[in-house]
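Naming follows writing order (A, B, C and D), and every chain is counted from residue 1.
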Amino acid sequence: MIGEQMFDRSWRIVQGLWRDWAGGGSAVDRSLGPEALVHLRRRMVECLEARGGEASARARAAELGRHYLSLDVDGRRRFLLLLADGFGLDEEAAKAAAQRFAAGEIDAATLREALAPPRVRLLTQFTALPQGVKVLVDLRAAILGLLDQKDPESAVLKGLDADLKALLTAWFDVGLLELQRITWDSPASLLETLFVTEAVHKIKDWKDLRDRLDSDRRVYAFFHPRMAQEPLIVLNVALTKGIANSVQQLLDEGKPSDDPAAADTAMFYSISNAQPGLRGIGFGNFLIKQVVDLLRREFPRVTTFATLSPMPGFRRWVDQLPTEDATRLADPKHPVDPRPELNALTGPPPAEAGRLAHALARLGAAYLVQAKRDQLPLDPVARFHLGNGAAIERINVGGDRSEKGWRESYGVMVNYLYRLETIEANHEALEAHGTVVASDAVRALLDTPRRFSLFRSAG
Amino acid sequence: MIGEQMFDRSWRIVQGLWRDWAGGGSAVDRSLGPEALVHLRRRMVECLEARGGEASARARAAELGRHYLSLDVDGRRRFLLLLADGFGLDEEAAKAAAQRFAAGEIDAATLREALAPPRVRLLTQFTALPQGVKVLVDLRAAILGLLDQKDPESAVLKGLDADLKALLTAWFDVGLLELQRITWDSPASLLETLFVTEAVHKIKDWKDLRDRLDSDRRVYAFFHPRMAQEPLIVLNVALTKGIANSVQQLLDEGKPSDDPAAADTAMFYSISNAQPGLRGIGFGNFLIKQVVDLLRREFPRVTTFATLSPMPGFRRWVDQLPTEDATRLADPKHPVDPRPELNALTGPPPAEAGRLAHALARLGAAYLVQAKRDQLPLDPVARFHLGNGAAIERINVGGDRSEKGWRESYGVMVNYLYRLETIEANHEALEAHGTVVASDAVRALLDTPRRFSLFRSAG
Amino acid sequence: MIGEQMFDRSWRIVQGLWRDWAGGGSAVDRSLGPEALVHLRRRMVECLEARGGEASARARAAELGRHYLSLDVDGRRRFLLLLADGFGLDEEAAKAAAQRFAAGEIDAATLREALAPPRVRLLTQFTALPQGVKVLVDLRAAILGLLDQKDPESAVLKGLDADLKALLTAWFDVGLLELQRITWDSPASLLETLFVTEAVHKIKDWKDLRDRLDSDRRVYAFFHPRMAQEPLIVLNVALTKGIANSVQQLLDEGKPSDDPAAADTAMFYSISNAQPGLRGIGFGNFLIKQVVDLLRREFPRVTTFATLSPMPGFRRWVDQLPTEDATRLADPKHPVDPRPELNALTGPPPAEAGRLAHALARLGAAYLVQAKRDQLPLDPVARFHLGNGAAIERINVGGDRSEKGWRESYGVMVNYLYRLETIEANHEALEAHGTVVASDAVRALLDTPRRFSLFRSAG
Amino acid sequence: MIGEQMFDRSWRIVQGLWRDWAGGGSAVDRSLGPEALVHLRRRMVECLEARGGEASARARAAELGRHYLSLDVDGRRRFLLLLADGFGLDEEAAKAAAQRFAAGEIDAATLREALAPPRVRLLTQFTALPQGVKVLVDLRAAILGLLDQKDPESAVLKGLDADLKALLTAWFDVGLLELQRITWDSPASLLETLFVTEAVHKIKDWKDLRDRLDSDRRVYAFFHPRMAQEPLIVLNVALTKGIANSVQQLLDEGKPSDDPAAADTAMFYSISNAQPGLRGIGFGNFLIKQVVDLLRREFPRVTTFATLSPMPGFRRWVDQLPTEDATRLADPKHPVDPRPELNALTGPPPAEAGRLAHALARLGAAYLVQAKRDQLPLDPVARFHLGNGAAIERINVGGDRSEKGWRESYGVMVNYLYRLETIEANHEALEAHGTVVASDAVRALLDTPRRFSLFRSAG
């Protein structure tokens, strides 16, 4: 696969870079057996003791880093477990320090130091190495991968993950990020990363990629100064006349490219996190706002900013509804559960008009506006855009005619609308009262304005 | 003065930039009278409460920043005092949290949060603004200026300074800094900053500056990605044959420039912190090591890396010595106190040879090797270089023939030598045992190898 | 096809750019019928008369250029014929001027002006337009295409071609060209041009392209400042141990990339003209020499610079040999014509060893060393490299196992060797005496040192 | 002087660069005595014969170039005379070729070749050398310097100058030039060249230079791709409210910089040729038009484009007028010759109002509108701007209060106005009929609309 090889290559380069920092370096036990583990623990302790000055400590960190990169899957897991288990907070010492602070014997700064686990200092050393930040990001991706497997032994990694997340949150402060436009004139090595990154609508080949960089499109990404050619998050925009209602139409290759000068709408049709290791560190919010600013300046005639978004949890939610609810929500006047009929449709999505389409539209509106978890929308994409201050503009039955679209959301998509004047109020309404703002058209699909209790988390 | 206007200009630009972020903005009370102060406190609280989402909080931070920049000297001082006094740590709440942590009721992360003063959150908001990092750096410079004045009322700023220093230490991690060479082809706006920056040997005019960028010179600096055209620390290097012993000879404009290809030595003749607001956040250490690396690659024939350094505390130390010590240290065989004779010399420095020169050399060696404070060298420059792992190579009587040189150090200078093979051991020797490593020639100037108790801190 | 669309895109862009220069512009007769032709001739005359100042003349040139670009194939041919036929040299006036010069009545500068055909002035106007140089280059490509078709009516284009070639020769002076290395970090839009450019070994897809930019490869190209993203000529280099003898081995994708640091040889395995419109304007010569210089500096251990080159006219030459010659050249000791046997082999090339292989090697040596046209090698690739001062190093039977390789040269390839010390002498020997320099091994394949008369041009 | 040293430095660099091309190189006779001259002629012949391929010919050219650069003033003159005298056109051969062409025996291309003097081929070789184009430009500057001295022996250089000018005209085609804005962020080495370049209003020091790059100013220049850091022609623009009438007011340092957003006028207050060797190769015309285009896009509110120009020949013209003409032109109603009174004023210029000021205004209008040479304006600056299609807008008595201003033009300056709609018509009117277009206000100063014969060339 494009991308796999890419990562292999970049690891090899990093290992080469670090060889210079770490000095010699001998053959290693790639699976990190008991003996190697003892040895590794000793090197970590030495690195923390930082004998020989800070530069020397960084050299030791480089050696640790190379060690990690040279390990196989098992070895890396053991490395991470050692870091998590052996270099966490010394709880007793921390509690003693807390008591001394409470008694006025030490100051806040001293207590703060006592609360910093050794592994945090160790990880911090990496940042001065070439590609060190990238290695930390990928380290966290590995930890998250292990945590996602819900292996009980890996639970100890949770603390390490929290520490690393805190470190990365500071490092990836929005103030440090740079917004860049990606074009067909960008380096091929950078464009290549988009194949891996694109999460919403897979890029088929280089031709498809070039189409997405055509004159009626824009691709923007945030970059970090220490990961110069690695996008952090990527936003795809299409300049259109009117709000698009179908992703296939938007991505249609055969179509001649629209004249961007004639566009009145910017469609955000895909936003993808490019770094799994930065999960939960949010800057998509800022990306959208900065892109809106840029586009307004470049295209004064573009006045509508909307998304064409998937509803990834919709089908699952529909399928789990009690029959009574499904029936009523689908169409109060014709009390028939639409699900048997829907499930009978295997491949193709339903016609845009008709009873079934209407049922899907109504169910979609209910899902987005009323289904909640902890006062926030149940749908993760809705949570993101509505949390940013967008509003629900339109439900598009048949918006995604792909197999995946049918499987996840019966082919329904949604447009979220970003209006600068209402962003703050929308955000407030959601945060303070859990209120989801939707257009009149969408609200008309909901006959029951009350919020019912039955919409609980599906997770 | 060159530089003054420069800063004025850049402030004006920043204010303009922030106008867009902060929205309107009305006429302000430039000296921040009582009424304005109440209003300001309210805005700070709102900013902390971050109503309306993060982007909105940043807009409020921008407004606060503009407010600060629009104030006069008094107003700024009041602004800082408010921040220090009104938004520090809530000690009672923090202590309560510490007790709950000690009792196992809350976890470390929660305690850590309780230990973060509100002003830290407020200051962090600034980093996302254009030039925000630079503004924080200059804010700290202003705080340090007030603290240096030892005004009792300003003492409350110490905590704010500590918070800001911690914030900036994280932001100016060596891993984020970029080493760049500065040449005569660099932007004039960047070169202009060197006039202000150069702390050791003032730059007279543009011609002088150009000479310092000649083919037998190198100027390197660290930059931060968010302060792209502001050097953080600047290192001047001259490529020479043999170790230079006089700064006037090194800077002599009349002299034709040496052929760098013939050089065997790199003289580090000036290292200057360019940002007063980054005082105490050390990266000079790394700068020297990275430059040594670069030079070794570019000039394989350059094998000696040495400084020509001032001894800023030398005269003061000599002048305060007890007569007995001064006499013995100057020349054990001719027990005469050399100081009356030295003080009779007003302008010109002494001849290089002769009795007085010998006395100065011996006193210089004693000052550098034996005068300590807290086990470390008393002289601040010695503390820096010896702490980095350099060794004392040679004492240069008459090395600095300027008026300032005479006034501060009786014209004596010193060469520190950086040898990669011994850097770590030298650093260790100093750190662990307080041992200063010096060449045989320098040690020969010391007849008393024991460390005497009388060399106490001069401060 | 990749590339086709690319050109379409760039034409559209140029037309857009010129719209601004040319002012309005109305619908045109795309096939340039008689009426449109009369109109066009009038515009050309106006453009030459340059009423309204030079800037105005350029605007008219832009209009003409847009007109040309808007035409279909037939229209473009008529446009070029008009330019060739209607705006050539006024022979009578030129002869009159020559007579006046011979009589001492006018000076050389005046005569020179009288010898410049109007179309040259017209074409020169284009160079000030955005992309104007590129348009002229493509104009000549179109002319060459028509001339290649040997259509009698197009013969009139020969003079226009000569004028344009002279103009482009001045514009593409080696002094103006910039040597650049192309890497995987180059803009994708630039890399895309390589698909079209590569003449010797077709690039299959983006993965293949990336392999050719791997760490043991180098790709260099000349660029012109006014055609910034269009390579003019592209040179592919592989860093190897020893001289490679097979192109499939060199391009094998499966093979792990060699460590360039261990290489002792630079193989020039493909050199391609990227601009058909620059045919006959030679700078390949300079490209090779500059690349040799660059590689020697980057890889001091690389001491051998050789090509792995095709012999495009070899099979045709062999197939046309008189039986007697073919028999004798193939193997004087076994007088059998090898061609029936060779022609019986359809797909696969012969084994490297064996009688047939030996016959091919001997025929190859005779072809390269002895077959001439006008004292120069008959083979166009040999003419290029030997004319540059290279020598024939080795004949590689089975060097190209592709179908095309068999079809054109019975799979035989050749290594030319570039040695800086002998380049000048080799060039002289060829130029002055038609002597081809070859290694002892190659000369041993030739038992008849005399040059025979029977090798005549195959063309 | 700033600049002198700069040139010295750059020569040294070029010599160094060429050493590599030219190979060894021995000590030379710097004044080029007879023996050295014979040797030099032989080298030139060899270079022309180009034995050993083109690359070898370039190496010989590099050697010749280094030779030239190593010579003293006398030596360089002898070098140029040799080139001019010994390598000009072979007139006899050229005439013979012309006769053969007239007889139809050879074609135009062959005749064209016969008309190219050997020195042209020789000079062309230089262009492939690093800095070769710059060396040719400076060579022509040296030739022009010798021609300006009107030394009879140097007259032979005229042909060489013509050849070189033709060569440079082709090389410096507008199509190859790049328009760049120069700012305070430009390289110091580039800004330094402006000190030497600025011909109209000398730059005092770096502070003055920075003021000219302030936010209400723009500096633009043309660059050639092969002389990347050498501006060819520099245009200074000030953004103002209304058309400025005094250069001192425009350049006043004390004045706070205007807000460029509020400006309605762009004043072109200085245009300077930066390369003496490009005299007579005009691209100022294009520079102004391109800058007008750029400014219109950046500042839509700027609608007036005007110059504040000197009238360098004005005083000389006034002083040479017959008494009768001077009297009548100054003021037909008060028939007094104003010149004795004007000449009595040594330093300070006259008051803006009053009789004398009125006389100067009337004389200025007559000078610009009516004084001609070959149908074109006598004043060289007027010839440039009016030839470009500008019109005379206003005469500014006291516009230049400098000593030089008084000496050359009695302190009078003029505004030329560039209006896109009339540029072409104005140019035509001048070219076709010698008609100077002026505003009503200026025409009102002329009571005699007829063109009188008495205004002849002053040269």
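The definition used in the following text is that contacts are C-beta pairs under 8 Å (C-beta built on N, C-alpha and C of every residue); 3 or more make two chains touch, one makes a residue touch a chain.
This is a predicted model, so every value here is computed, not measured.
Enquirer: Could you tell me which chains are in contact with subunit A and with subunit C alike?
Expert: Both subunit A and subunit C are touched by no common chain, going by the contact rule given at the top.
Enquirer: Tell me which chain's centre, taken as the mean of its C-alpha atoms, is farthest from subunit A.
Expert: It is D.
Enquirer: From the C-alpha centre of subunit A to that of subunit B, how far is it in Å?
Expert: Using C-alpha averages as centres, the distance is 41 Å.
Enquirer: Taking each chain's centre as the mean of its CA atoms, how far is subunit B from subunit C in angstrom?
Expert: The computed centroid separation for subunit B versus subunit C comes out at 61 Å.
Enquirer: Indicate the whole-number Å distance between the mean C-alpha point of subunit B and the mean C-alpha point of subunit D.
Expert: 50
Enquirer: Two or more other chains in contact with one residue: find those residues in subunit B.
Expert: none
Enquirer: Kindly provide every pair of chains that touch.
Expert: Final set of chain pairs in contact is A-B, A-C, B-D, C-D.
Enquirer: In the complex of these two chains, what residues of subunit A are touching subunit C?
Expert: Touching subunit C from subunit A are residues 2, 184-191, 205-207, 210, 229.
Enquirer: Contact residues on subunit B for subunit A in the complex?
Expert: Residue list for subunit B touching subunit A: 51-56, 89, 94-96, 98-99, 101-102, 104, 108-109, 111-112, 115, 124, 126-129, 132-133, 162, 166, 170, 173-176, 225-226, 285-286, 289, 388-389, 423-424, 427-428, 431.
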